[in-house]
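Report on the structure given below.
Which chain is which? They are A, B and C, in the order written, and residues in each are numbered from 1.
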Amino acid sequence: MTQATLTPAPAPAPARPLARLRDPAWYQEYGVYAAVAVLLVFNALFTEHFMTADNLRTQLVQVAPIVIVALGMALVIGTEGIDLSVGSTMALAAALLPLYLGYGLVPGLVVALLAGAVVGAVNGTLVSLIGLQPIVATLALFVGGRGIALVMADGQLKQIINPDILALGTGSFLGVPLVVLIAGVLAVAVAFLVRRTTFGRQIVAVGGNRSAASLAGLPVTRVLMGVYILCGVLAALAGILATARLTASDPSSLGTLMELSAITAVVVGGTPLNGGSIRVLGTVAGALLMQLLRATLVKHDLPDSTAQIAQAAIIIAAVYVARERRSR
Amino acid sequence: MAPPEAAAQAPAESTPPAAGTVLEARAVSKRFPGVVALDNVSFSLRAGETHALVGENGAGKSTLIKVLTGVYRPDEGEVRMTGQQVRFARPFEAQQAGISTIYQEVNLVPLMSVARNIFLGREPKNRFGLIDFGRMHRETTELLDGFGVHVDPRRPLHTLGIGTQQMVALARAVSVNARVVVMDEPTSSLEPREVETLFRVIAGLRGQGIAVIYVSHRMDELYRICDRVTVLRDGRHIHTGDLAELNRMRLVSMMLGRDMAEVRRSGVTGFAAGGHDAERTPVLTASGLTRRHQLQDVSLSLYGGEVLGLGGLLGSGRSETAKALAGALSLDGGELTVGGRRLRRLTSAGAIRAGISLLPEDRKAEGIIPGLSVRENIVLAAMPRLSRAGVVSRRKQDRIVEVFMKRLRIKAAGPEQKVGELSGGNQQKVLLARWLCLEPKVLLLDEPTRGIDVGAKAEVQGLIDELAGEGLAVLLISSDIEELIEGADRIVVLRGGAVAGELSGDDVGESQLLEVLADHAPVPEGKAPAAQEDPR
Amino acid sequence: MNETTPAPVAAVPAPKKTPAPAGGGAPREEPAAETPLKQRLAELVQRQGVLAVLLAVILVASFVYPTFATLDNARGVTVQASFLAVVALGMTLVIITGGIDLSVGSVFALGGVLAAWASQWGFFTALLVPLVVCGAIGLLNGFLIARAGMAPFIVTLATLLAARGLLLALTDEGATTYLVPKDSVFAELGQGSVLGFGYPLLIALVLFGAGGVLLQRTSFGQSLFAVGGSSDAAGLMGLPVARTKILVYTLSGLLAGLAGALNAARLSSGVTIVGVGMELDAISAVVIGGTLLIGGAGSVSGTLWGVLLLAVIQNLINQIGSLNSSYQSVVSGGFLIVVVVAQRYLARSRRTT
């Protein structure tokens, strides 16, 4: 150990073009983009009506809520945490939205987003102040959050008739659906947050070594709180958008298993679960990859069962590649 | 098992029992990418002897131990036990062959009870094949009594002190019929009285014909308990012989690879001779720092332009004092004044704002963020200052990073290399840079040169000198007595969490320091340290 | 003290220390009498706190709702709970090793479908097929975690998807439901009873008994604690860390499959939509039962009480009638927070002693 650290790691050998394909680090870095590209090329060649504007738009609209949730999840995972409550948060936002839409669009949106912030604040408090493990801390609201949503909505599906909200779900700007546009803007914003802001770098530092960050005077508690609140707000936003697209508030099923999809997107995108690094673009690509994979299989008349098994295989492969990298 | 005490009185003769070699490494080499960790090293251990293994960091001690205990397999050469060549695939195989290792951090399971730890994997069973806890607890008590340790075998291990945990580890090792016990810096976190118990137990092992490989940096310990010594340097075997025939200076010079005359002339550290000119008014004054079980009414002042050494044995409260000064330890009482202003709430961030910086003792756990680049590690604490409206400025960062990488001679592929890939010494310099770029008034250095190679050590020491010369107030904690004495202008000595004395001016010397330590070191049994010192 | 070497330097100041009398004065730990008591109390609260809460809830409910404390109701509650209990038993063992198994919900559903499908060939195939397949999934989990060194959370997340996919493939994407032949021995296993208490409950109790002995009184049980407490130390002490992990995940898969099979026998069919989110219920029950999620400490009895507590809460909310059934998850979530926060503070107070 001491010996091994004495000399800096030897510089990588001059790369021959094919040599790096054998380097696991390359896969962790670019594997997810390559996989997305391969899928697109495959579909362009072998799938009819895949590379059409209509189909691509559908795929993007479907993946948008997952991307939004996964962005928040990536931040949380960057602090060596996890947030299981995102699906319940979506349901909570969906349940609250119709209750306050009567007061107008803005109050409805604000209350729904606020609910996400509150969920995040509770999670953040449990994790940062009480010091619970993130899995347990967020498990509580995973279990209870949807219950609260159902209690508030009286367990019922509510039709949404507010035209502004509906426009949010179906409208488009310059041919790009608003939902996709929002997800895209958020992805850029989160990428900027992570790379260029003090807060973003502090997130990564806290995830990389919490006690060192604390001794360096970083506001660890505030950073953790902020991250969980952001994740909650993003999940709530995803809930609002999904509700708008459904034209109905359905707290009993909206966002079920969303935590798993989001975690999958983050992990497949190359963000390690043990914190200290956040790959925003990778996360977006991870969500896209899973979406395209499913769509491809469906278009080729392969059943859902195959899609799930294929997803499982991709997750395993992604983590396996990450593991290679870490053990070096 | 015979109680070790009985045997402890017996072998006071200078030569160990003339017995055969139990464990031997012949011409062993071990290479890692870019490093030759062991180069044709031979080592032999006689039954019943206590054999010191010494060398600077990176000398190859831990690699040799890992080869002997089955963690690594040698690239060349062979390991022999009582004349037979052995090839251990795993540490456990070495253990079964009779080689047990007591690690620096006790390698037991903290949440499990003492008895379960001792019998893990070989629990006594009743006739139904189920674990017989009655017998297990009984045998544990007997075994530990033999070591002079009296604890409830049902207690979870983590509720015991480190020293007792180590005794439990030792008890486990001996009870699995160890013929060789390897101890890697066993006393580094022990209290003096625990050290005494350990030495008594080691003497007991010798009586049973068990050989001990003892790795330590503490000269006085080596000379007290070891029969022979093997010196390694840069992966090569330098010397093996009776410790009694080797004086301390010569041993040090062999470890360092320096000419004896030079060692005598310039000392073993990179500090320049001569002191600094301290200012008249203190930059930092701490009074009455108190924390239950750790600090008792510690008061001290730090002046700009001086290096204040904080002396004391491990566990004397040195690191705790430094952490308290840096706001990283919650206190039960005491106050801190910096530049004439009293600090209200003590937090790390508050202390940093007031101009206090702490280089923590544990570089890996509390210092570096291994996955981040050299640049980001350096600017970590200064980030808010290098940002506008929460957005970081790369230009400002790059400027600062360039300055400090140059000034501290940080050897890295570039500012974007990950800190985790650097050597210990360069990691330490990165951490120093992190604090220096805050332009602190007070720099608290907790073991700044531990675990870094000789060259980097001298550089860091030189830097400390330079910084104090520039008017910074430096607090230096070091287990290395030479470093403390040659580096510090004044030394405050702690013991049992309280200030035991202060050396200044011409009194700063090894004998004086030892005197303060020796006068106070043994803690009378059953008396709280504070009782005689400060009855308040 | 004995100077063992006549080294000149070492002869320097012989510390004026009284050599401790043999056996007497050595590092006696801090006041030996008082701490352990406090400690044991904290441990007792941690271990048996759920039981106390459970009993209190039952006591209060019995007074308030006359329909609660009836034998019929007790039978209903316990049979309902027994499937989750069996799954949670496996989860307890996994969590004690510091791992987690998210795949159990899917494996539970898969086990049910396999059992219903295989029940056409008789009792033994109906049990054997789900056990073999689910055990194999557990083995795969264990292998990927222990040998390939991948994170349990992610590996079992993947097998959660894979098991669900396998289930869908078996049932024509959920379109086919296999039925258990009426009046078969296998159906009897799910529906029959002794003294009105269904076989599933009895099986669950037997399994918990066996699990308790396994955990507390066998070397394997000790190695689970050791692996969870410190996997490095366990390895250095020669415990087969990888094998222990593989075994424990296999056990978890087996138990989830068995629970699924029993559930299918009880429902007379392999319902495909069961078990969604069951892994998190199981984790909740385990954590409420006082097992530390970081591993190294826990008990199967606590898990049993945790499962029962969740079941009683659900039952009470049904009893109250006027309450929306969604309150159940609100209350469960609330309990979870209270328990883990309390655990946290107990652990903290223990550490500082």
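As a working rule, a contact is a pair of C-beta atoms (placed from the backbone, for glycine too) under 8 Å apart; a residue touches a chain by one contact, two chains touch by 3 or more.
The chain lineup, named per UniProt: A, C = ATPase; B = Sugar ABC transporter ATP-binding protein.
Note that the structure is predicted; figures quoted are calculated from it, not measured.
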Max Cα-centre separation from chain B goes to chain A
More Cb-Cb contact pairs, comparing B-C against A-B, go to B-C
Here the gap between chain A and chain C, centre to centre from mean Cα coordinates and rounded to Å, is 29
Cα centroid separation, chain B vs chain C, in Å, comes to 40
Chain A to chain B, mean C-alpha position gap in Å, rounds to 43
Check: chain C positions touching at least 2 other chains come out as none
In their shared complex, chain B is touched by residues of chain C numbered 1-10, 12-13, 15-20, 22-30, 32, 35-36, 39, 213, 216-219, 222-223, 225-226, 229-230, 232-239, 292, 296-297, 350-351, 353
Chain C partner, complex, touching residues on chain A are 82, 84, 126, 130-133, 135-137, 139-151, 154-155, 256-257, 260, 263-264, 267, 273-274, 303-309, 311-313, 315-316, 319-320, 323, 327
In the complex, the residues of chain B that touch chain A are 32-35, 37, 57-58, 60, 62-63, 235, 326, 328, 347-349, 351-353, 358, 360, 365-372, 376, 380-381, 383-384, 387, 390-392, 411-413, 417, 421-424, 426, 434, 451, 453
Seen from chain C, its contact residues with chain A in the complex are 100, 144, 148-151, 153-155, 157-162, 164-169, 173, 276-277, 280-281, 283-284, 287, 293-294, 324-334, 336-337, 340-341, 344
Residue set of chain B touching chain C in the complex reads 3, 5-6, 8-9, 11-12, 14, 50, 91-92, 95-96, 101, 103, 107-112, 116, 120-121, 123, 129-131, 145, 147-152, 154-156, 158-161, 163-164, 167, 172, 191, 193-194, 196-197, 199-200, 203, 206, 219-220, 223-227, 243-244, 247-248, 514, 518, 521-522, 525
